[in-house]
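Two complexes come next, and they have one chain in common, subunit A, joined by subunit B in the first and subunit C in the second.
So, the complex of A and B:
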């Protein structure tokens, strides 16, 4: 009888964690500009080009990529469980659309406003992520309200209202895109395609804190998520209150998705593909699947972003193109090889 | 002691009433089969017993109000085998059975040796240990149903509720399921309440039958008492002939199509 035990939990996650650390190191060194690591490290506290690239450009970006990749994958896992549908992904939840619209309104109406943190001593952050996060919150409340019946979130309505809200928002964004001037339209498009470029450790720290708390909280619901994938009635028979679980998981995932989209735009595919691949490889027990998907998502986005930086260097590809371009065929290959055996659809 | 007792229990889905004033008691260790046409309220009654739905009127479980139990406590008292298990995600049979232990350990912990032992015994009892490591969706209907019964047993329940457990099974597996239920009832004193659709098998295996019709208990008693040609015509609207099985003495139906 093969079931999840502590040994498997530690081995799989340990291996992935080592892989993640190696990937992070490699991706920090790779880039359009050759980086002299020993020079950068030996002159860490004096101003020079190598240190500047390492600490100001590469490292925050790699750290952000890991957080976003891991967060997207973890949210994909729990949404698939929550909606009882292995095809669900973070982009389906109206939240990502709401965040996009909020961000775009931010770009159009107050592109240059900066919010000083602690009187400017900790730097300044742009209003755009804040506007995006506000949009995410509003759309989360809307979707939640439309899916709540008799104290329970209805998976069917959750999916449908999310998809419909997203297409409505897409129309609004298209409309805005066609009335703004050319340069603004370029900016909108770039923001919509998603990017991990950041220089602010404040943003990176904020996202890491946010994702870490959200992830740990979701992980603690691993067993209940296992049970809810069997259906609401079965979950109740096995001791879980589905209404409470659905509400909590929906809100946690929405907040995480909202925060991620606010900072990096919509980076597709990670949240759909990574959970699937991990399910094929290690099974569906969420107590293992969640941390493993987080780590794998971090590894995947870390490499995808590195490719986005170096493929057309010095120009930069939107990372969403890379995730879909390399992820798609790999996913289809895996589906073809393993799908009939272990996809339950 | 009464396992379940209801007093004037009523339930409606919105404005559509489903159960009207059900008063019923089932003693610990009883084995009760529920019969009745589609929509007569069998499934609803089972869902109220297991705490999935809440009706109006009193429901007492082990002489305590059902409201005084929380979800975890209920899941240690009741186990439910549904008509057909639909699982969209790849879980192995063993993983499914182990989920029956969820309310016995902390939600943050993995299953301990005792949980594994209970799961193994349950699978052994239902002859499903052979395919413990196969994915649930790869199994045949009969194998799947045995896994679901094993999960129910892994909950170590006092009361087992089944909703048409043999609906999708072939003859051999139907008989196997009922033989297993009979054994669990006799050897472990498990209280069993099952909604059934096959009147003949119900009469053969269940010492007490409950016939529901339009949300009311139409008849309640031993098969010989409740299964009469008149009752069947009243409840199902079909004409049958009833003879007694020469070996077991149980009433059995013979159908008489109109043509």
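So, the complex of A and C:
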């Protein structure tokens, strides 16, 4: 295995980090309505429209977008390595389906419950993300159990049981969608398409903490992930226990995905396309690829959400439409390319 | 041709019907061309048929038809968005009434192909809603009933318009969903109702009838009244949802309301009543000067009942 090129690591990620910070600033300043920044900053502690647009409507949203984009991309990287499949993405694991179902049950049965925590300026916390996270945990346990044979997690079964659980859950969701009333059905549809709309710093803080811990843990497994892409046997000879690694990575990624889908719904294509772009640009050393994908995912989703707010203003597009709009053609391009030369994982 | 199994199922069903129920009774033909067995494909149509006094002729309604109470007891023919062709045919209707844009056109064609008369009515503006009353009354053979219902609704409208006329227009956010925020845009009869009630819809310039609004747009537009409509919206949820955005006048002045009724949401005969409810929320001082508390009561002094 190659020695990690520290200079490249610092250069690439430093550049991406600067780009991310600039993007975050730009996306906070851009939107469907005009924002008077100097007025917002000079009246930070009085209630006025500019400050509220900046600090309540946009900033938490941008911060959430970066965490979710980064988290999705990082999970995409490890899942593609873990499952040895370039098409693997966070939406395939069954966990996102479980989270969606949990969230939808939450919307149907207790749409307006709020946690009895005084939200205040930190923002209210809805019960829906918790229901979604519960769904994610349950489906994770299911998929894990169905892919575990003789104490080992089988990537093939993991992928299949995830996909099948997702289609089963999609059927349940469509069933629920057809029995609820017309307006509720519309709400469900919007929720399913995913949105980064939030004003709750408490939620954003929770997600950031969660994603950061999960990401650092995955990053620490970078070298082992490099080895496992060489094949399970090769990895075993080089001192990696594939079963243990697969189990740990699956659980870490599932927990991250569950938390992300719980707050933002299913936002597709970030976890699929960002890892591939970064692999093409900087190679597939996971110690470098993981942080680079995290930062690039953050940049991508941050801009996608800004476009979602602006393109059809005043209407807000579901951000999943924007990511899929750019992700779909890219995905086809990837398939075409893969047909010509095998894709290096 | 398009859906052979369904046609086969339908054929079997019809054969079974002929066998068990007998051929359609000649009584239908005897009453001339005026339909006696009507299937409604939308809650608003059901309400209109009842309001015109022809509820007894309904032989099938959708699962969502729950008003008036008698409608709940009528046989169901499936969902508003996807009614069951078999269930409709089984009712042997001589008229099916649906809503243009909501009733699946492919299904409408299939119903037509079965030899059942189907009419789709457009109800996306107040004018269209009023003409749908007339049209249904004509179809059911009593044009006067339609004219009466239109008159009744117009009188209700005029009463509200006179009440709110002296008050200045208030900016209104009318939402049906909270998480995400689904608001009423332009090209929606609800936008017209807001205007008639003395308000101005903050999303009136949007070309969509319904749209998902970002929070920043609401803050920037500074609505003076926020109304959360739609069944199942529990009281207080909406007020709490907006409570952190104190720069919005509606929040500051505590004019965030939950309107828990589908009177205004259904383009049917209750929009007159719904409009008054809406106007009472937007301009409470015009209806009950004592209750408004704030010194706004004086705005409406000129208006007699």
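In this section, the second predicted complex is superposed on the first by the 319 of 345 C-alpha atoms of A that agree within 3 Å, B and C clash if a C-alpha of one lies under 4 Å from a C-alpha of the other, contacts with A are read in each partner's own complex, and residues count from 1 in each chain.
We adopt the following convention: a residue touches a chain if its C-beta (ideal position, glycine included) is under 8 Å from a C-beta of that chain, and two chains touch if they have at least 3 such contacts.
Quantities reported herein were computed from a predicted structural model and do not represent experimental measurements.
*Asks:* In the superposed arrangement, which partner chain does A:314 touch: subunit B (first), subunit C (second), both, or neither?
*Replies:* Second partner only.
*Asks:* Go through the superposed model and pick first if A:227 touches only subunit B, second if only subunit C, both, or neither.
*Replies:* The answer is first: A:227 touches subunit B but not subunit C.
*Asks:* Which partner does A:181 reach: the first (subunit B), the second (subunit C), both, or neither?
*Replies:* A:181 contacts subunit C only, not subunit B.
*Asks:* With the two complexes superposed on chain A, say which partner A:285 touches: subunit B (first), subunit C (second), both, or neither.
*Replies:* Touch status of A:285: first partner only.
*Asks:* For A:190, using the defined touch cut-off, is the partner it touches subunit B, subunit C, both, or neither? Pick first, second, both or neither.
*Replies:* A:190: touches subunit C, not subunit B.
*Asks:* Once chain A of both complexes is superposed, is A:56 in touch with subunit B (first), subunit C (second), both, or neither?
*Replies:* A:56 sits against subunit C, while subunit B stays out of touch.
*Asks:* Does the superposition put A:7 against subunit B (first), subunit C (second), both, or neither?
*Replies:* It touches nothing on subunit B or subunit C.
*Asks:* Go through the superposed model and pick first if A:238 touches only subunit B, second if only subunit C, both, or neither.
*Replies:* first
*Asks:* So in the superposed three-chain picture, is A:145 touching just subunit B, just subunit C, both, or none of them (first/second/both/neither)?
*Replies:* neither
*Asks:* Which subunit A residues lie in the overlap of the subunit B contact set and the subunit C contact set?
*Replies:* Common interface on subunit A, subunit B vs subunit C: nothing in common.
*Asks:* How about subunit A: which of its residues touch subunit C in the complex?
*Replies:* Touching subunit C from subunit A are residues 31-35, 47-49, 51-53, 56-58, 107, 111-112, 114, 119-121, 123-124, 126, 128, 178, 181-184, 186-187, 190-191, 195, 197, 199, 309, 312-318.
*Asks:* Can you tell me which positions in subunit B touch subunit A when the two form their complex?
*Replies:* By the definition above, subunit B touches subunit A via 47, 50-52, 71-72, 74-76, 78-80, 82, 85-92, 94-96, 98-100, 102-103, 107-108, 110-111, 116, 119-120, 123, 129, 132-133, 135-138, 155.
*Asks:* Can you check the complex and tell me which residues of subunit A touch subunit B?
*Replies:* 1-6, 9, 80-81, 84-86, 220-224, 226-227, 229-231, 233-234, 236-241, 279-280, 283-285, 287, 341-345
*Asks:* For subunit C, which residues are in contact with subunit A within the complex?
*Replies:* Touching subunit A: residues 64, 79-82, 176-182, 185, 203, 205-206, 208, 210-217, 219-222, 230-234, 236-237, 240-241, 243-247, 252, 265 of subunit C.
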